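The following pair of complexes shares a single chain, subunit A, combined with subunit B in the former and subunit C in the latter.
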Partner chain A sequence: MNALRMRDVSVRYPDADRDSLDSVSLDIARGEWVLLLGANGAGKSTLCMLTNGLIPHVVKCSLKGQVEVFGKDVARHSVATLSTKVGIVFQEPENQLFCMSAEEEVAFGPENLAIDREEIAARVEWALETVGLLGCNDRPPSSLSGGQKQRLAIAAALSMRPEMLVLDEPTYALDPIGRIELYSLLADLKKKHNMTVLVVERDAEEAAAFADRIALMSEGRIVRTGRPKEVLADPNALRFIGVPPPQLCEFSEALYTRVGGPKIDSITLEAVAREISTVLSAKKGVEVIHP
Partner chain B sequence: MGCQNMTGFVDLYSEGGTFLHRIDARVKIVAVLFLSVLAFLLSNVYSLTLLLAFIFILLFLARASLSRTWFALRFVIRFMVLIVVLWPIFDPSGTPVWATFGPVKITEPAVWRGVTSAVRVGCLACVWYILMFTTSQRDLVRALVKMGLRFDFGLALAISLRFLPTFSATIDSIKDAERARGMELDKGSLLKRSRNYVAILVPTIVSALRSADTLSLALHSRAYGARADRTYLREPKMRRQDAAALSVVIALLVVPVFFKFVLGVPL
Partner chain C sequence: MIPCPTADEGPIAAMRNVDFSYDDGTEALHSVTLDVWRGEHIALVGGNGSGKTTIAKLLNGLLRPSRGHVLVKGNDAAKESVAALSRTVGYAFQNPDHQLFCSTVAEEVLFGPKNLGFADAKAVEKADRALSLMSIGHLKDKAPLSLSLGDRRRVSVASVIAMDPEVLVLDEPSTGLDAGEAAELMRALDGLNQEGKTIILITHEMRLVAEHSERVLVMAHGHVVLDCRTRVAFSEPEALHESGLIPPAAIQLAHRLSDFGVSPEVLTVDELAEEVAKVWGARI
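Up next is the complex of A and B:
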């Protein structure tokens, strides 16, 4: 059974002149990390809202096709039920943190499910520790930094004990270091708890290296899926859908057009550096110093 | 700046370890209500002054910083002075007449009525300040919910308190952005100035509506409203000292009421 299974899903908002999702099919395996890339208005957020039933239960629109999370049809289960399977983190940390302390924020979900007090306390402790915010229990969320706020939002989702996390442009307000911290946290959850991860971004800069698979989205359709290396090997495909390719890929591309040699298809800094030195050392008159 | 002002105005709470901080917020709410009722029942200026003195002692026991206390008291004192000055001017009843300025008669009973009302207003305001100084918004909302306020109302209250500084910050950045592009918000006639503020209001409301959208999605995503029997991680608990404080509070209302209405002592 897959974590997410979408078959020919179309979504249209009232008064819209086209479908926001246009017969989308997508499978995400348990424990898999999928990075969904697309420009503004590609339908990424709509897809996110399907995963825990916000569509069709809260957001009014017409839904065709079938969406199952961990075998549960989202149209037939309440958002509350699905929220114990899928935790969602939105772009703006400011608007999804509404409690007066970090602890209350994390306890809010389990409290709504009428879970025992001791169990809630244990979950709060675990979730705050997992995201590295233990000790900030009584701090008002507004006093936290951007990265801390986003990690608190993740903790608030984690306390529902979901098996999948869906993050809609979680690094929008973060600097590159904050982004890497956030992705490393998710990588840790994936490793330790076999967490399924769906991250939505508008660019692949730091995100690509963490993903198992990348899906490209444009105008309500998934236009391509594949391993990060394969997808990023074609920067023009990214540009075509309005997603800037990672700088490393652009660099490799430029190097290939000017120097020639074997095409560099790695996506991490280390690997690209290694490959560049191979390419360059194959050229006459270039001496490569190995560190 | 604005953000701080706004927060300061809305949240007077300052952390501290005084007994007033430690008492169950429910007891404090009851105390505030009882003392307010008492302030209305008492009509003798001396007993009201005694009550005000008692409230003042509590206010200083709350150990809020002097600047904060002054910030709070400033308004009350201004208001009290205004009452003392204006009451006799608009109330010409009673004798003896102390002075006459054209149609305005200043009488002795009116002056006393003014002072009495001013002291009563002082009591009513300061007693609330004690609560606000010593109780965090979080405890206040929790206490109200525990006292029977519906959870969704409590949540709405908590959310509005939580978002006030956010909106204040939004307004500030919109103002700054408009000023940076040459808008002179505080120039021109009153009408022009109030029109200028429409340019701030519209983007603020738009941004508020957007926040509300995300907020509602976030609430649903965390199973808000899933069950009527929701549990609470932290709940206010009545301890022995809270019970003791509550009995003192009850006595504070009952004893004067007994003396005044049963024994007929003119309190």
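Up next is the complex of A and C:
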């Protein structure tokens, strides 16, 4: 059973003149990390809202096709039920934090499931520890930094013990190191808990190297999916949908235009540096020593 | 535009030994001294919570220093009202929703210039120019808060541009925008800079900094830890790292290849490709 299974899903908002999702089919395996890339208006957030039933239960729109999360048809299960399977973290953490303290924020979800007190306390402790906010239990969310708020929103999702996390542009307000920390946290959850991860971004720069698979989205459709290396090997496909290719891809393209090679096969900084060093050393006729 | 400070014209904005603490006791700035010259294109960068927004709010009088002085056009800002300061220093908030309050985009953008006392026709002209610079003319009749984050962002920047201040301080103006929209925004800002406006860009997007700003002010824990030309700033990765920042991938790659004679002072992908191609050619 897949974590997510979408078949020919179309969504249209009231008064819209086109479908926001247009016959989308997508499978995400358990424990898989998918990076969904697209420009504003591509339909990324709409897709996210399907994964815990906010569409169709809360956001009014017409829905065609079938969406299942962990085998549950989202049209037939409540958001409350689906939230125990899928935790969603939105772009602006402020919009989803509303309690007086970090601890209350994280306890809110499980309290609403009427779980017993000790279990809630244990979950809060675990969730705050996992995101590195233990010790901030009593702080009002408004006093936290942008990065801490984002991690608190993740902790609030984690306290429901979901099997899948969906993050809609989670890094937009984070500084570059905060972004790497966030992705590393997700990588850790994936490794330790086989967490399925769906991350939505408009930019592949830091995110691509963490994903198992990239899906490109444009005008309500998924136009391409593939392993990061395959998808990034065609920077024009990214440009075509309004997503800037990572700088390393642009570099490899620009170098190829200038000197006719080499075709760089890597997407991480270390690996690209190694490939170029090897080529430059070979030209120089000396052996390269990698640090 | 490269600024050319002259003897008779001092910095357009300056801070002298400024400390600032918020009411809850948080010490946001420690002894910050800096000069901003007319026509500069500056990036104000630093990790979350490093004091960037506090500097922005001090420059236009929304906050007043706990100690030290803020000078705007040579005058002590403490003696000026926010309204008077906003003629010189315009500030677009990090969260556009803190700034938007009118019922239509047109009213929102017109509010500033009208409030500054521009005659109706002049105010409309300034508002229209700002709307077109931000490419949001088509949203004129919409309610600002009904728009997407990216469009709200552009409305907030337009409402500051409409006031025609000499210094534009933009707090994370590209958040919520996709790559195409961000490029368009930066083109508009570069255009204003060419016309002589001073731009202070607060951002986490190191790529925008590398490609657009001439000077970088790096903040960490309430201190300015680096103040230099952009090209030089990115050749100091340690100072940047302490501030939660990482140079764009192209610049990091240049550093890793510097043993081969690739200059670590590149800023863009094209400059890097050119450098590597040179080394490549030299080795054939």
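One rule holds for everything that comes next: the second predicted complex is superposed on the first by the 279 of 291 C-alpha atoms of A that agree within 3 Å, B and C clash if a C-alpha of one lies under 4 Å from a C-alpha of the other, contacts with A are read in each partner's own complex, and residues count from 1 in each chain.
Keep in mind that, in the parts below, a contact is a pair of C-beta atoms (placed from the backbone, for glycine too) under 8 Å apart; a residue touches a chain by one contact, two chains touch by 3 or more.
The shown structure was predicted, so the numbers you read here are calculated from the model rather than taken from an experiment.
Three-chain overlay on subunit A, with subunit B and subunit C in a clash. Contacts of A:Ile177 after superposition: subunit C is touched, whereas subunit B is not reached. In the superposed pair of complexes, A:Ala254 makes contact with subunit C only, with no contact to subunit B.
When the two complexes are overlaid on their common chain A, residue A:Gly147 makes contact with subunit C while staying clear of subunit B.
When the two complexes are overlaid on their common chain A, residue A:Gly135 makes contact with neither subunit B nor subunit C. In the superposed model, A:Gly71 makes contact with neither subunit B nor subunit C.
By the touch criterion defined above, A:Glu92 lies against subunit B and subunit C together after alignment on the C-alpha atoms of chain A. Taking chain A as the common frame, subunit B overlaps subunit C at a single listed stretch, which among 21-29, 129-137, 147-155 or 201-209 is 201-209. Across the two superposed structures, the residue set of subunit A contacted by subunit B and also by subunit C is 92, 94.
Interface residues of subunit B, counted against subunit A in their complex, comprise 136-138, 141, 158-159, 161-163, 165-166, 210-211, 214-227, 229-234. By the touch rule above, subunit A contacts subunit C in their complex via residues 39-41, 91-92, 94, 143, 145-148, 172-178, 180, 202-203, 205, 242-244, 246-248, 250-251, 254-255, 257-259, 269, 272-273, 276-277, 279-281, 283-284.
The residues of subunit C lying in touch with subunit A in their complex are 24, 46-49, 95, 148-150, 172, 175-181, 204, 206-207, 241, 244-246, 248-250, 252-253, 256-257, 260, 269-270, 272-274, 276-277, 279-281, 283-284. Residue ranges on subunit A touching subunit B, taken from their complex, read 49, 52, 54, 57-59, 78-80, 83-84, 87-88, 90, 92, 94-96, 98-101, 103-104, 107-117, 120-121, 124, 140, 142, 156-157, 160.
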